[in-house]
Structure formats: structure tokens, C-alpha cells
Amino acid sequence: MTFKITCELDYTVTSPLTFLLNIRAQKNARQKVLEEKFHLTPTMPHVKHADEVTGNRFDQITAQVPGIYQVRYEALVENSPEILSRKDLVDTEVHEFSLEVLACLYASRYCQSDRLGNLAAQQFGHCETPIERVLAVIAWISEHIAYVSGSTNASTSAVDSLVERQGVCRDFAHLGIAMCRAMNIPARYFTAYAHELNPPDFHACFETWVGGRWLLWDATGLASPDGVVHIGTGRDAAEVSVCTSFGNLQLERQNITCEAMDENYQKLTAEQLQQVFISHA
Amino acid sequence: MTFKITCELDYTVTSPLTFLLNIRAQKNARQKVLEEKFHLTPTMPHVKHADEVTGNRFDQITAQVPGIYQVRYEALVENSPEILSRKDLVDTEVHEFSLEVLACLYASRYCQSDRLGNLAAQQFGHCETPIERVLAVIAWISEHIAYVSGSTNASTSAVDSLVERQGVCRDFAHLGIAMCRAMNIPARYFTAYAHELNPPDFHACFETWVGGRWLLWDATGLASPDGVVHIGTGRDAAEVSVCTSFGNLQLERQNITCEAMDENYQKLTAEQLQQVFISHA
Amino acid sequence: MTFKITCELDYTVTSPLTFLLNIRAQKNARQKVLEEKFHLTPTMPHVKHADEVTGNRFDQITAQVPGIYQVRYEALVENSPEILSRKDLVDTEVHEFSLEVLACLYASRYCQSDRLGNLAAQQFGHCETPIERVLAVIAWISEHIAYVSGSTNASTSAVDSLVERQGVCRDFAHLGIAMCRAMNIPARYFTAYAHELNPPDFHACFETWVGGRWLLWDATGLASPDGVVHIGTGRDAAEVSVCTSFGNLQLERQNITCEAMDENYQKLTAEQLQQVFISHA
Amino acid sequence: MTFKITCELDYTVTSPLTFLLNIRAQKNARQKVLEEKFHLTPTMPHVKHADEVTGNRFDQITAQVPGIYQVRYEALVENSPEILSRKDLVDTEVHEFSLEVLACLYASRYCQSDRLGNLAAQQFGHCETPIERVLAVIAWISEHIAYVSGSTNASTSAVDSLVERQGVCRDFAHLGIAMCRAMNIPARYFTAYAHELNPPDFHACFETWVGGRWLLWDATGLASPDGVVHIGTGRDAAEVSVCTSFGNLQLERQNITCEAMDENYQKLTAEQLQQVFISHA
């Protein structure tokens, strides 16, 4: 499936600084960037980074002169997610995990899985398989956490959301990750462009290592896992922020769109997402 | 310099589980493992992992049968740390950092650098260069944090230590890392065997990216940066725990030794550590 | 009912300090102290305080000389708790509460009810009356929080227990209080001697203002609300610590007993405590 | 000195609820309310409470009908603060404190003094007398905490402000209280109308028990302790919120003024506040 993406970001710089953008579509085995334009005003050279393991791509911009910096990004991205059913998922155990997968079991800044072992065992311990546990986590979050715009901030973590029972996409993902890791299910965070997200914005979802694959989940239910374009994959929002600024940068305006080029594309329903699983890797 | 290490760990397993040991000396450009013995009782096959980037080495053990598991590790390790003076350290700026170095600026589970920007600017903003800032961080921690055995636990973070003004080696390292990252100085955590550490134990220290190199720091002052053998390097203790257990594992006994083979070896003094800097990478 | 209490506390003082004991049985309309002996070794004058509103009684001791301080307290206390059934509890609403009762709705150090509004509404919002809500809180805590000796410390709060799902009597009471206050049900903490508590120790429970009365609850299930002798009543443990020390005081030994003088006394069962409610005030 | 106060508050009620206003000028030995008008639109009966110990005065309003509720309060208040110099302050010690004063040593929701003992001893331990310690606390806060409107929210506590080094008047007061209590100096919070506060708003300050009196402090420096009219006195903001709502109440508009009737009134300067101390009780 092909998606058309546009991303407009206007920043004000008041004193010289470097900032790191992570807005380009990720390049990975199941996601191809067919076309891409990145334009920065004022025009100036900048450094591009690509992470070989994740496929994350960064633009490192050093703004020496105060003023308005305008970023325009357009891309045409083709995804070929793997669509799986429950019988495709052969359970794997901790002793089979690679180092890279094991690393997604560690607690991170916003996902304090080290504190949630008892809670996860209570809540999800009756589920017999990892995939059942993940489905139960998604259902629990969906039932217990209210999506409330503006209810959280940059230091809000999974534990906060668990207590206060509200948040935005980032918080839903962090809580899902923390609960999965607390049950020894590897989990990682990713940012995305999502088809017809409403209101339009960047999105955040998560992946779990189940059945020897990274399966995609959106606990907010706002996007369908087959309708997202990966941007950055990491342990949590600390690693793959859309914009990490090493100085005082002010976002003035943002405009994001993501459209499926196939007019007939329809999001998977909650019912389908009990039976059909999406993997990108 | 050559160090002789012994490490004895006895664990009780009550139900089947996997655990991940990170106790072997790291292999890196400046640290060679001359000899090594790893023995597990009961004898059984287990998985070994090595991280190519960091040189961290893991033993992944799956204990199917309840009982006592005894780990015995001995090694002879040769270090060739680089010894630097202030003039060797050419300042580098954020816009010059590689992706791998930039990743050591992100907040992590135990190092909430995202909350410490104002504090670090107040406390260390007057220092003119990164190396001065790091030296000021070490001095501040040394003056303000008391080393109190047993005062903290596995969920204690840099913010807790900052408030409660006490901790152990792990907490000193986390606080140093958090403060450095809050000033855009990349910092990472490492576990170590340390020459004549008293009382004998594993040790935790940190590294900062200053002058284009990872410099070693021990904010506790208990070890000298040229007297440590690296075990695991990571963002913080969540990544390089000596033992990460995926189930209920009980440590019953631990005995650690680390001795410099050179009888004349002397720790660097606090005064020397204002002028002489140690790098492993 | 009459209870015989003994309390032995040995403290080490290393430098001059004042400490405030709150170990005497409270005097209130439904609790009479029939006999009482308080002995301090070394013998010395000290200040006694009684709070007229709560009936809490304090011994304020100033230890000028380093050494061992031994406190011995014995009492014979007669309780006449009111035993109520559901029909005795006429619902009252916030607009009927007095200032003193309203004060037990405010968040306090260990009971962050201000953060638990959403959670309490989700979990207990379906209950139709305040008494049903309180019973549901007790049942929830009993089902979800494990009693684990030594799992918490002096700074552990209701939010911590909610996340980590374990604690001791103090933590059970704090969580119950926080959840009730979050639903506008006034709640307060009390310390107690409890009949045949096992292992013997001070106990902590809580009261809620329901039906125009303070009803007694022990979410741990270790004591029966008709089998406790009140010591101190306050917002939470910050106010009615058994010993508040203004300096470095070390508890060396503690021995507590509390026995019902009526040989036939039997604790109320969990089933009875669905139907029978105990009030002291 | 006489102050003229006006307070206009417009609230939207969407479903029936009770709310508790604490906006009337406190009546105490050194503060007389000469004239007062309180008007509620729509006109309706409501309950008035007065706390005999503190002199706090509450209006408990039950809004049965959805709509706009307008509160208008005007008052003419005469203050006769005691003006003291350092020699007037005879040091008192913990063993001399009354129960009521001792209660202002306990940790509270927003003032976790139990965690700040080490920090306070480090920072202020060199000061020889309680008054020197309080002055040092005020100076420390003034130097280290930035006043940033909108930087904090209703759950921000002293520990948060200590870490993040910013806040508003409420946060400055909470941090001052927590640090003083951590040194066994009783401290309590009060809300106030303050002469020519800019921008106009309610204000929050604190009092410490030093020299046998409650002395007034404004760590923000925005008001002068002789230019405030007390509203509510309590342990912290949890107890004396301007408006505690037991349901979903929305503040739509607020307009506050407080003017000294004496045209020649001038605020005390920071220099004078080293030598001149103000007490209301």
C-alpha cells in the first residue's frame, strides 16, 4: 500500500542551536520510500544520519542565525506489512531472544516496567500465551485510559498514566510497552504518520516481539496498524522524538497529512484486530 | 596494566527461569582478556552473546530445575587506557556528534536529564568548557551526595538521589550522567571490577564524551579511573545490570576480587584527577 | 469489651534530641482508659500533650544524655464501639459535611487523592451508595495488594502502593483513604493496638465518614474493627507516627501485645464485615 | 494599615455539585474585617463555616442548577502586624513547641519535608539560629527558583520545584515550608490578597514559627509581608485552596484587586527584610 505524506514545521530560533529532526519515513525491509523531498528555509547545508539497525533517519540542523526555520517534507511511501493470523505466531521464550530483542525488555525513561511486575501478573497472568497477553493489554488500556488532548506533558510516564488514567497517543504507547515488558514481552515505541489521523498530527504506537516478529499495536484505536508509516523506532519517546532540540527552539506551526493512495483502503476494525496481526519486521 | 579478577555468585532458583549475566570483562580496543574461565554448577549448556558495538558480553542461562546455581568467573585482563591532559581535549559541539554519541544525550530510566536543564545551567553554567563542566559535576556530587550503603534500591533514580542526597555507586553514576546530559554532554554508564574496592563488590561509574573521547569518571572517589576493568557499557543500570532475571532469582552469596598485578600500582588522587584524564575508547 | 495492652520500646540516643511518642490509648467517647502505667528509664520529667478534638495523647521526651531510653506502657482499655447495620447508615452528602469532616477530603502526604479521581470513578463509580463504594474499595485492596513485610519504607505513598501492588498495614490504609477521598468520601488514618495481631506490632487502619459516622476499616484483614484500640487519629501516617523524632533516634527493640480480656471474643469474619459496621465516633 | 479588596469569580457549573470557597479575609487577632460584602448570583442560601483556631472562613455553595455562578466579594480590612527586629526573637526549641505548632513540622501533600533532611542540613546547617536558617532558605529560593507563570500544575510539589527550579507563588511557598520543616522549624502556608500584586491574582506565602511567633515570608519577593491580607492558613495548598470543588467546576473569569488605603504605603525592600520581621500571630 502506498501513502502520501506531507509535513510542514515552522520553528523560531532565538539563539544559535542544533536540533535533530526525525521526520523522514523510515527505510526498512517492509517500507520503501518511493519519492521524497526535504526542504529547509533558509537554505543551508545540514547533516543527515541513518541508523543501520533501525532504519531511522535524522536531519541534524545547526541554526546559527536567529529567525524562522521552515521545514517542508513530502514523501511517497510504499508499505508491505505482513498480515498474520494467530496460527502464524509460534510462541518464543526469553531464552530464545537475541540481544537486540532482549534490549527491548529493559525499563526506559517513560516505561518503568521494573515497577509493574505485580500489577501485570495480576491483570494479565491468566492469559495463556504472549499474544493473548498483548491483546489483553490493549483491551485494558482501551477501557481504562481516556484520550484527553493536553492532559500530559514531556515528562509524563507510564506510571503517571496508570495512576491518572488519561493521556495522548504517546502515553498510551508508553503504558502498553511498560506492561508488556513487565511480563517479559519485548516492546518498543515508534512514531508514525497515520492515515487520516484526526486531528492530523504525528502519531505514536508500539510493537511487541511475539511469535518471532515485531507486531504493531495502536492502543488508542485512532489508527489501524496497516495504515501507518514508520518514522522512528526506539525504546520510548526519549529516543525518537520528532524534534530533539539542544537549545531553546519554539514550534510555531505544524501541518501533517498522510493519505492512503488506494481509495478503497479501509482501517481494520477492533474486531478484526483480535484475529489479524500486522508486522513490519 | 593487568588485573586479576574473581567473581563468585550463588543463586537460588525456585521455579524455571532464564537469567542474563553480564559479568565477563568487556572486550574493546583498550581492554584485552588474556585468560578467562567461566564455570557454572550444575554444568549445563547456555547461550553466550556479545554486543559488537559495545563489546559487552552476556551469559544467558535457563535454569529448568530448582536448586542452587553457582557461577565462578576468573579472568586476567590487560588494560591500556589512554592518559590525557587538558590540552589533549579538543572541544566538540553537538553538531559534530555521531548518532551513537547523540544517543547518550537522551534521558533514560534512571537518568531524567529532561528535568534537570535549569538546575544544571544554574549550577554549572559558569564553566566555560565541557571538561570544566564535568569536573564541576564530579566535585558537586562528591560534596553533596553521601555514600550510604543500603540507602537506595532498584528503582532509585538520579532525581531521587538529588533530593535525598545519598546513594551508592550506581546512584552517583546516574546523577552524574543525568547532569551531564542536561548540559548536552553525552554520558553513559558502565559497570566494572575495580582494584581494591572496599568493601569488595561490583562497581558502577560513568563516561562522558568530551574532546572527542569517552572519558572515565568515578564520582564516588572509591576507584581510580585507571584502576577499573569494564564489564558492561549502556545508557544506565537498566541496560547493564550484572544480573537481569526474567523470573524470581535469589542471590545468596557474592564474592568479588580485583587486583592490579603490578605491585606498584597506585590510585590517582583527587588532585591528579583534575589534570589527568583517562579514556578507554 | 476490655483489652490489655503492653508496649515496650527501647531506643538508642547518640546526641541530644526531642522525640514525640504517640503510644497511649486514645481517650474518646467510646474508648475509656481504665488503668494505665507509663514508665521511662532513665527516669526524667517529660511533657504530656492531649489533643482535645481527637483525643490523641503524646509524650514529648527530651533526651539530653546519650544512651538507651526504655519506654514501658501498660493499659487496660474499655471500648464500646457502636455496631451498625446497613439500614443505620443514612447517606450524607458533601453539602452536609462540617469543616472538620471536609478536612478529611483533602489530599495529604501519603494519600494523593487529587490524582486518583479518574481511577476511582472507573473502578467504583457503579456503586450506588457511599457504603457500597467503601466496601468495594476494601474488596479491591484486599484482592490487588499483597501484604509483604519490608516491601515499603517511610516515604512510600498510596500512589506507590497502587503501582507496585504491595505494602504493609500503613500502605493499605493510605491507599484506602486516597481512593475514598477521591470519591468525596471523607477518610482518615488511625494507629491502633489490635487483638492478637500476628506478628505482634502496632497496627494502622482507617475510618470513613459514611452515614454521619466514622466507620472503621482494616483493608489488610489482619484485625477486626471491633478488636482494635485507637492510639492516634490523623490525616495519614505523617500526623500520627508512633514515634516522631527530631534528631537521630534508633529503635533497638519493640514488643507489643494486645489481648481481649473476654476469652470468648472472636474476630468478625470478612462475610460479617459486609453487613456489620463498627463506629467509634 | 487598611486594605481595600475586590474579588470577582465567575464559574460554569454543568452538573450539580458543591464547592467550597475560601476567599473571605481571615479574622484573627491582628486582622479585622471592617466592612464586607459577599454576593452570589443567582441568589441562593449557602452555608458559611469559620474555623475557630485559624480564623479561616469558608462559603460552601451547592449548585443544583447548571449555569454561570458569579461570586462578588468586597472587603475593607485592617491589619496590625507586629514589626519585629532580630533581638525580639528569642529562640525556641522543639521541646517547647505546643501540639499545634508541632503539627506544622509534619510532611504534607505538597511539602515532603521527610525527604529533605540531608539537603537542608547541607545547605543551611551552618546557620546558627532558626531565624538565620529561614533567611537563608528565602535567599536560596530567591536565587535558585525562577518564577515562570504556567510552569506548574495542581499536583506540583516542593520536590518537583526543587528539581525543576521553577514555579509560581504556591510552589515557592511549598518549597520554603518543606525546607524549614526539614530543619525542625514549624512552617505553614497561607493564601492572601497582596497589595499591588502584578499581575493581579490571589497570592500564596508562608509562615515559620521562630522566636515564639509566626513570622511571614514571601519567597517570590512579589509582595511585602506587611502588605498582605490573610485569607486561609493551613499545612499547604491542599487545605486552603481558594476553591475546592467536589465535582466539575470551571473557572471562567477572575478579577482580584488589593490596595493599601494609605497612599504613602511602601513595600519593605529585600534589604529591610533581613532586619525587620512581620508577625500576624
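The letters A, B, C and D name the chains in turn, as written, and every chain counts its residues from 1.
Quick note on the criterion: a residue touches a chain if its C-beta (ideal position, glycine included) is under 8 Å from a C-beta of that chain, and two chains touch if they have at least 3 such contacts.
All of these numbers come straight from a predicted model, not from anything done at the bench.
Student: Counting C-beta pairs in contact, does A-B beat A-C or the other way around?
Tutor: A-B
Student: At what distance in angstrom does the C-alpha mean of chain D lie from that of chain A?
Tutor: Spacing between the chain centres: roughly 44 Å.
Student: Approximately how many whole Å separate the CA-defined centres of chain A and chain C?
Tutor: 46
Student: Distance from the CA centroid of chain A to that of chain B, rounded to the nearest Å?
Tutor: Chain A and chain B have C-alpha centres separated by 30 Å.
Student: Can you list the chain D residues in contact with two or more other chains?
Tutor: Those would be 115.
Student: Would you mind giving me the full set of chain pairs in touch?
Tutor: Touching chain pairs, listed by label, come out as A-B, A-C, B-D, C-D.
Student: Can you name the residues of chain C that touch chain D in the complex?
Tutor: Residues in contact with chain D: 18, 20, 47, 49, 51, 58, 60, 62, 93-95, 98-99, 102-103, 105-109, 112, 114-115, 154-155, 184, 238-239, 244, 246.
Student: What does chain D use to touch chain B in their complex?
Tutor: Result: residues 115-116, 118-119, 122, 144, 146, 159, 162-166 of chain D touch chain B.
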